[in-house]
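Pasting a structure here, questions to come.
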Amino acid sequence: MSSNTFGKDFRLTTFGESHGDFIGGILEGLPAGMSIDLDFIRSELNRRKPHSAYSTQRTEDDEVRFISGMENLKTLGTPLAFIIPNNNARKSDYDNLKDIFRPSHGDYTCFRKYGINASSGGGRASARETTTRVVGGALAKLFLRPVNITVKSEIESICDFDYITQRKEAEEALKKAKESSDSLGGVIKCTIQNVPAGLGEPVFDKLSAVLAHAMMSIPSARSFEIGDGKESCKRFGSQDIDHWNEDFTTKTNHCGGIQAGISNGMDIIMHVGFKPISSIGLIRGITREGKIKETENKGRHDTCAVLRCGVITEAMAALTIADFIKRSQQEK
Amino acid sequence: MSSNTFGKDFRLTTFGESHGDFIGGILEGLPAGMSIDLDFIRSELNRRKPHSAYSTQRTEDDEVRFISGMENLKTLGTPLAFIIPNNNARKSDYDNLKDIFRPSHGDYTCFRKYGINASSGGGRASARETTTRVVGGALAKLFLRPVNITVKSEIESICDFDYITQRKEAEEALKKAKESSDSLGGVIKCTIQNVPAGLGEPVFDKLSAVLAHAMMSIPSARSFEIGDGKESCKRFGSQDIDHWNEDFTTKTNHCGGIQAGISNGMDIIMHVGFKPISSIGLIRGITREGKIKETENKGRHDTCAVLRCGVITEAMAALTIADFIKRSQQEK
Amino acid sequence: MSSNTFGKDFRLTTFGESHGDFIGGILEGLPAGMSIDLDFIRSELNRRKPHSAYSTQRTEDDEVRFISGMENLKTLGTPLAFIIPNNNARKSDYDNLKDIFRPSHGDYTCFRKYGINASSGGGRASARETTTRVVGGALAKLFLRPVNITVKSEIESICDFDYITQRKEAEEALKKAKESSDSLGGVIKCTIQNVPAGLGEPVFDKLSAVLAHAMMSIPSARSFEIGDGKESCKRFGSQDIDHWNEDFTTKTNHCGGIQAGISNGMDIIMHVGFKPISSIGLIRGITREGKIKETENKGRHDTCAVLRCGVITEAMAALTIADFIKRSQQEK
Amino acid sequence: MSSNTFGKDFRLTTFGESHGDFIGGILEGLPAGMSIDLDFIRSELNRRKPHSAYSTQRTEDDEVRFISGMENLKTLGTPLAFIIPNNNARKSDYDNLKDIFRPSHGDYTCFRKYGINASSGGGRASARETTTRVVGGALAKLFLRPVNITVKSEIESICDFDYITQRKEAEEALKKAKESSDSLGGVIKCTIQNVPAGLGEPVFDKLSAVLAHAMMSIPSARSFEIGDGKESCKRFGSQDIDHWNEDFTTKTNHCGGIQAGISNGMDIIMHVGFKPISSIGLIRGITREGKIKETENKGRHDTCAVLRCGVITEAMAALTIADFIKRSQQEK
């Protein structure tokens, strides 16, 4: 069965196909009496929307409506359900894709799994699905607000360029990709601050393991690193050890805030790599009969996923931390 | 609550502290009537044992005994329980660590979580725990054998050296680390072959996401990549697309056998990075009162985790695939 | 965390407060390509509506709308979400109950659990919640239709009267209860036919155990019996054994179709007892300060739950069997 | 997959076939630092052993050994594993049953489910399995001890006789059953005291629903009633309401301590009915080929399950309450 729920004690369950009338979800685990800051939720959704020239021109309204679980913007302790209407489903854009499996897309694998062709938007493998994660993540951030835990993200690299020091080169690569109807990959850095020491459930649900699960479930994710990640793996132990300060903080944070799968109170730092999206201008697909067929891709798509991905990584991080906070409450 | 179970429909639940009398586990999900190849299980355990000069000199017997779930080496369809006695617990080696939290270890985080000091071996944060994963993984491999799915691993790099092309340099680094009671990080490549197309449960339990979870739950794991991983994130889309052959295989395998979270029938390829283990010769720990204290580390430990880690990554890969095969059977 | 999901591999998750704008749910586990018979679903909802003179006069529209998971009335294999607007929330009817905990209601226990007063309809402890079970159950029945499994229910007794042989006495008791703004308890018999042998997951998820769970989760349920139930417990073994026919059916069915927690192919027969609902004319409530306070109950309520409960027991039975069918598919 | 785990946050997972070398289990959810009272656990196991003339003469040693999760009789917060060797497996007693399916046993249903013949003790459908429940239950009782929650049970009826007022008649029925190698059914009353108000997780995991699940998972259980049970279903609402005292206790306890699926602070009272066990002197079985075959039953069995069942109902009750206490801790 497809997996539509993330979290054990703070749970987001989502539904909705890319081009269906609604997408939405149910968030369970919020305590009763919590204030829901709708403006914040909308501002988070807004961050996921296409803003730059390099993002899809498909307008996304993302007007979220909460239909249960709150009264007068206060939670009731019951499941909080929300729906987002899809005002902009232009299925016709995808008509010429109906008969082919696009390369490096989910068309073929979904067909092999479910036996139906969802290439024209009838499936869930779509960026649109991530909207529900952003709503869930915004609710998780509201849940974390009173304990001062914050999540932020930044673009670390685009193409082969460090986004801080080589931003000009990155912009040029984007321009070049856009002009040639091509796309670009990149890496997001996501940081969680003020996490108390003690979160994580070894041996299998180490905090780092569940964060990896969360991040790698985002469409197009290809790599996950905690702390210094792959750089650590090139070091001697003596170079990678995070030495103690006398207040139990550490002088360095090579480990990214997690020791033996449990948070140590330092910032949790992750790096999530996203492949270049595969919806480029010219699609060399394959028919069910095994004939290669070249098609022009008229659907509106992003040049670079990482320009909009940050808020999604934050959402998944916030959902994960909220869940572990609830799970840890049993241990008192 | 600590998480001791991996898998949903093919489940391994494990127990046992590093220096307790027994470790062991329960494997659920094997069909009735399956032959258990004990020699194979022992050979897998043997692969996890220290062999090289750079591995811990702590002898590990790892004599596994199955105490339920089979009769005459045939499974009964009931839970298969196994125990492994610990014949070699030299707790005294750890006496001088009792009063400190070692840096970059789980001592402090476990203490913050459970309120007890497990630094002397009373906790589960230990390489010994992985023995039970190897048993579970061997059973998973036996389960996968009739459908011809195989899992293999190789050392990809040690320190900053490619293990194939720079093996001599890697060996020298190992020697140097060993001599200075230091340690080294590295990367394991793990490949799963003959996986049928259609495995994986989007949107949250994408095959890549659960494999990331599985791998990042192994002690010392710092990075996870699927397919070309971080390299993909530096590319243009036109460079990263895996173009079709007419038999639905692809000309390249940048994606590592998974599209949109579902297997596509190509080899599944992962890269798992391990930090250098933090048990080095001189430990600068901290007492509960916040005093830094230097101690000699008399416990026997590995110079480089990746020399023994391959079979553990394979075990987690096999457990994951076995679980998804069972999960997929409901979709028929 | 409140539990809003029933089932493991065929799962219904529900939301919605009694007097909120919407109730609804998500059904996971339907295969792709299944036809959805909307008329059947509506007819099931219709069975739950008040029809007789002894049912609440609160009109319930129950117009269900499916907002994901199907296209042209065919399932897509994705989660099927549905919403039911509440057109008839007369919160004012409950105004005089706001300040008291009614006796034998969930008001006090919900307050002790969630810290909020849901007595005026802000909670989930309400007959209205069961509408979502009926939708889920109707979908489960559609899932079971191709394998010919059917679920039916009948009123077994009302008050102390067998509903078949003493129907006149039962009707008189109902009339008397109605006239005095009182209520009546009763028992529903629920039968599942054509269940294949082999369903059930001992040792803890015996088919009888999960059916008990399902039935006892219905509001007002007080007793669950499988097969001859309490009568069996009065017998000698020689009287209760179901002797074999040569085709592996049994001459009697004292066990109600389940042996050792697994279906044996005979009819599954259950008896579910419902207490008289506690919403009667005169309510002797208690304030938060511990003052007893008599109030007239103006809310519109049923005289006897069992007149409308049958379809709900069927829904829970169908959901349970559908789940076990999916669970059993892994064992092939 | 067979279900071998009970509980969500306080979890017992069990293994072991009736005539295997070991049975055992893993208990997760105990906090670190809790004292384990071994004598108490042994005394609970002792209560499950055959004592009376009407119980099986099969001696059961039940020497439990804890092999992980504790040090010096203090828990470590890690999973607590235990094994119980089977010193008394007389498989030969069952030789003549190998080729038949006994009536009203799990032989046929297990065969239909797993495809193997477990009639001679290779399966889990056996009273012996309940030993692991008693160990888990004893640990749950120790967990509940500091908050003063107690569980007790008593025989309510045997055959058709109230065990308090008609004890002499019950004893005579037992004697008669024993002499004719027959068996008898009965009912156990189980009471949980000092449960705080607020336990239970509606809408699906109502406390009454999960208790029903727990009790109906015990071998031979046929009926479950909460509070006045079936008697309530015969009443008018005005007769069944539990009126308030000014301290929020109630004058009566018809509901058995649970309102709307949540504990109200009064005693939780259940009644669990057990069928007469089907292992009587003369077995009219059926071969796989469909031939009826009469056989003498040489296995040693109880005359009346309820004489030994009390401690098992208590165990399941204690496990359930412990789990809900852990689950409720997240709501703070």
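In order of appearance the chains are A, B, C and D, and numbering begins at 1 in each one.
As a working rule, contacts are C-beta pairs under 8 Å (C-beta built on N, C-alpha and C of every residue); 3 or more make two chains touch, one makes a residue touch a chain.
Fair warning: this is a prediction, and the values are worked out from it, not measured in the lab.
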### Summary
So the chain most remote from subunit B by C-alpha centre is C
### Summary
Note: of the two pairs A-B and A-C, more contacts are counted for A-B
### Message
Need the CA-centroid distance for the pair subunit A / subunit D, whole Å please.
### Response
46
## Note on the structure
Between subunit A and subunit B, the Cα-mean centres are separated in Å by 26
### Message
I'd like the Å distance between the centres of subunit A and subunit C, where a centre is the mean of that chain's Cα atoms.
### Response
38
### Task
Could you list which residues of subunit A touch at least two other chains?
1-2, 4, 9, 14, 29, 77, 114, 124, 326-327, 330-331
### Task
Over in the complex, which subunit B residues touch subunit D? Could you list them?
1-2, 4, 9-11, 13-17, 20-24, 26, 28-29, 32-33, 67-69, 71, 76-81, 83, 114-116, 118, 122-124, 326
### Task
Within their complex, state which residues of subunit C touch subunit D.
1-6, 14, 101, 103-106, 108-110, 112-114, 124-125, 129, 157, 159-160, 177, 180, 182-187, 197-206, 208-217, 219, 221-230, 232-244, 246-248, 250, 254-255, 258-265, 273-280, 284-286, 290-292, 327-328, 330-331
### Query
Mind pulling up the subunit D residues that touch subunit A in the complex?
9, 29, 31, 77, 326-327, 329-332
